[in-house]
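Two complexes follow with subunit A in common, the first pairing it with subunit B and the second with subunit C.
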Partner chain A sequence: MSFLSKVEKVLSARELLYTLLLVAVIAPILSPIGLPIGISSRTRDVYNYIENNLKPGCHVYVEVYYEVAARGELEPALMALTKQFFDKGCKIVYGSLISTGPIVFSLMLAGAPDIFAGKEYGKDYVFLGYISGGESAAASLAKSIKGTVKVDNYGNPLETLPLMKEVDSATDFDLVVIVSSGTDTFNYYVRQWYTPYHTPLLFAALSVIAPSIEPFVGAKQAIGMIVGQRGAAEYELLVGRKGLGIASMDAQSISHLLIIVFIVLGNVVYWGMRVTSRGGGRK
Partner chain B sequence: MVVRRVLPQFIVSLVIILMLIFYFFYINDDVAKTFSADDKALSDWAVIISSFALIVGGVDIFRFHLTQLRRGGLKQAPFSVVTLIAELTMVVFGAYGLALSYLNPALGITITTQPQFRWLYTYVYAPSDSAMYSILVFYIASASYRAFRVRNPMALLLLIVAIIVMLGNTSLGALIWPGFLPLRDWIMTIPNTAAFRPITIGAGLGVIILGLRMLVWREVSWMGRRE
Partner chain C sequence: MISWEVLGAWLGAALVVWIYSFVYRDNVFYKFAEHLFVGVAAGYSISLALDSLNRVAIKPLSTNPAVSWHYVIAIILGLLMFMKYSKKYYWLARYGVGVNIAVGTALALRTTPMANIVRQITATILPLWTPDPVTTLNNWLLVLITLGGLTYFLFTIFPKKPEAGKPSLPYYVYRVLYTIGIYGMMVGFGALFANTIMTRVGFLISIYLQYLQPNAWASITAALLAAIAIIAGIVMGRSRK
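On to the complex of A and B.
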């Protein structure tokens, strides 16, 4: 067996890649390297839009649409955005078109006591809970929230909540944020909130979803997009609250680098073997 | 024939026509208000029906696994038993929470805030869900290593773009070359959008055609029929 074949065999062993990947993910989390994180112009544009366009007392609707599996990538963005909205004096109505919404919202609430400190439920923020019906529910909420759901996630009648006396339909909101691990949710809000009412939309999406919803941002149907772990980390830096997004960036960098090294080495060996076999053929 | 085929198709056609009228037609403000209210009523029906569909789904899973227990043999039995126990447990605690929200609203307990339901979700479902998703990293890494072989110029282009986007997504990329981040953004906003926009438009046109086919009774697959 030639040297290159031996290298190919070693690289192809899943155990090696899996072990190295495990170390590459865990080690930087246990012992952060602190690699500097640059802020992309796209994330800064989103931050600047909120800073320049939302005034104290403004109203924001936030769609919490992700499962626990996507929490690591989306929750940091949700927390950072919530902090910015509260810092700006905005009031937030959270809702969820996915059944896992109430649980991930409660996890977010438990993980950000500093953000919600001093904020009164019902006055500064409200959580509607899970609303079934997908796009039909989004359409119905856009027309009238109180006409769609009667009580919030905790069983409080919406008429008794001061914030819900200020808002009811899509036109009452200055911004709608969709934090979603699915592609369809963004389509729902573009079709049911932006197209008929022109309510500005902001997307927070998984890296893997971002390419498919990019056309909406390009067509100005959304004011911008926070993409994946990196976008969340950048936003945490911008709002000045270091969280899970920044903490995971080192792990993401090292694991990505490891995969790139494996891909490059794999190709070097592949081409080395091809050239060697051709050379052998000529002899 | 009439009940199983004609009536459902008639209802679907009627709903499509009504939705089109409510959404697109404007006569005057009063009519528009009425249309808007009717449109909302139809959307609300969909919300209510989908809520009941969830119950049907739950019952169906239960029935399916009961059947599996009877016919599936020993190999399938453990999985079906776990599913049935898990479903029953969550339903019992959820129903208890729902009952409390009506019987004693002062407690502020609902389905999702019922302590046992919440505990099971947070400490059983959530870690399992996260673990399943996390395992993907190993498969993706392994698949990337095998798939990104430069066998032709197109594969080389794909590899270069993949590496730029990967490095652009990391903080390490900027240390290697500051241009990775703007280059990633350019790839995402220009070539990527150019590729995805036709797909999005195509899907939109597909939905319109599907709606038209349903309107004229040509589309029957939603009734479980082939033609």
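On to the complex of A and C.
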């Protein structure tokens, strides 16, 4: 067995990759390195848009569409955006087209007491809860929130909440933020909120689905996109609140470096074996 | 005294190890954790769906029937879906499903041509010469890769290579665009793969930071015990064989 064949055998053992990946993730968390985080123009553009276009008293609708598993990727972005909206004096209506919405919203609320401190439920923010119906529900909410749901997540009639007296349809909102782990949700809002009502949209998406929704940003159907944990870390830096996004960047960087090393090694071994086999066959 | 938080950390850490043990091989602990997750998720979703039904339909109907009377139609159509469990009246379920599909399709079709076709096409009609060289390069890439990607998926009419003689100009143009399409898609798949790694690693990091770190020692102890249980299970399974 040649040297390259031995290397190939070692590299192809998935247990090795998984073990090294686990170490690459946990070691930087236990002992942070503090690698620098640059802010991309894409994230800065989103931040600047909110800073320049939203005025005190503005209204923002936030779609909370992710499962508990996706909290680490999306919750930091949601928290950072919420902080910026409250700092700007905006009022927020949260809603969810996914059944896990109420649980992830309550976890977000519990994890950010500093952001919600001094904010009054019903006046500064409202959570509509889970609204079933998918795209039909999104269309119905765009037309009339009060026509779609009568009570919020906690059973309070919407007409008793001061904030809900100020807003009802898509045209009443200055911005709609879709924080989602599913590609379809972005389609729903582009089709049912942006296209008929031209309400500006902002996306906060899992990294894995970012390429799928990129065409909407390219076609200016959304003002921008915050991509995964990396985008969230950048946004945390911009709004000045350190959170899980920044805390996870060392681990992300080291684990990506490991994957790159494995890809390079794998290719070197592959091409090496191919060249060797041409010059006399594999041994 | 062991608090609920510590118990939760033990359970969380054990379940994480059991679920991730699948990357080594399938085992009874993985199956237990998987079935537990599916059961809890199904139960939670059903309770949430019933709560939503109550908030959106039943409550308005019972408190203000004069305004919300038409909700009865939707409730009946929804209930009809359960008729598929009846051998005699299963055909009634088609009405509920049919109306649901019709409404969904109509709502989507109302804006899909503009949102998903027209706007996407207009976004690729770009100036190919601009004062900024980076923008110019980007625009060229976008136009060429879009054309290349579309060319790659031409399955009906395309110029074929003649069996004898020199290929025609349309054939060369087709081959160039076809190749650009392949490389463009490969770059796209590469970006998708890199983003996939970021998401999966992000899930792993967040499990540690959000669930395990608050009770670090309890989590580590439980994780070690769970790992020992898996190893013991696999060894015992092998010795039986």
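The definition used in the following text is that the second predicted complex is superposed on the first by the 280 of 283 C-alpha atoms of A that agree within 3 Å, B and C clash if a C-alpha of one lies under 4 Å from a C-alpha of the other, contacts with A are read in each partner's own complex, and residues count from 1 in each chain.
Convention: a contact is a pair of C-beta atoms (placed from the backbone, for glycine too) under 8 Å apart; a residue touches a chain by one contact, two chains touch by 3 or more.
These numbers come from a predicted model, not from an experiment.
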{"item": "Touching partner for A:37 - first (subunit B), second (subunit C), both, neither", "value": "first"}
{"item": "First, second, both or neither for A:248, with subunit B first and subunit C second", "value": "second"}
{"item": "Partner chain(s) touched by A:53 [first = subunit B, second = subunit C, both, neither]", "value": "neither"}
{"item": "Contacts of A:206 with subunit B and subunit C, given as first, second, both or neither", "value": "second"}
{"item": "Which superposed partner A:160 touches (first subunit B, second subunit C, both, neither)", "value": "neither"}
{"item": "Touched partner set for A:262, first subunit B, second subunit C, both or neither", "value": "first"}
{"item": "Touched partner set for A:29, first subunit B, second subunit C, both or neither", "value": "second"}
{"item": "First, second, both or neither for A:277, with subunit B first and subunit C second", "value": "neither"}
{"item": "Which of subunit B and subunit C A:2 touches, first, second, both or neither", "value": "neither"}
{"item": "Subunit C-contacting residues of subunit A that also contact subunit B", "value": "14, 18, 21, 25, 69-72, 99, 102-103, 129-132, 134, 136, 139, 148, 155, 207, 210-211, 215, 218, 227-230, 252, 255-256, 259"}
{"item": "Subunit A to subunit B touching residues, read off their complex", "value": "11-12, 14, 17-18, 21, 25, 35-38, 40-42, 67-72, 99, 102-103, 106-107, 129-134, 136-137, 139-140, 143-144, 147-148, 153-155, 207, 210-212, 214-215, 217-218, 227-230, 233, 249-250, 252-260, 262-263, 266-267, 270-271"}
{"item": "Complex contacts: residues of subunit C adjacent to subunit A", "value": "23-24, 44-45, 48-49, 51-53, 55-56, 59-60, 63, 103-104, 107-108, 110-112, 114-116, 119-120, 122-123, 142, 188, 191-192, 194-210, 213"}
{"item": "Touching residues (chain side subunit A, partner subunit C) in the complex", "value": "14-15, 18, 21-22, 25-26, 29, 69-73, 99-100, 102-103, 129-132, 134-136, 139, 148-151, 155, 187, 190-192, 194-196, 206-211, 215, 218-221, 227-230, 244, 247-248, 251-252, 255-256, 259"}
{"item": "Partner subunit A, residues of subunit B touching it in the complex", "value": "36, 39-40, 43-44, 46-48, 50-51, 54, 101, 105, 108-110, 112-113, 118, 121-122, 125-126, 129-130, 132-134, 137-138, 141-142, 144-146, 148-150, 159, 163, 166-167, 169-175, 178, 181-182, 185, 188-189, 192-193, 196-197, 199-200"}
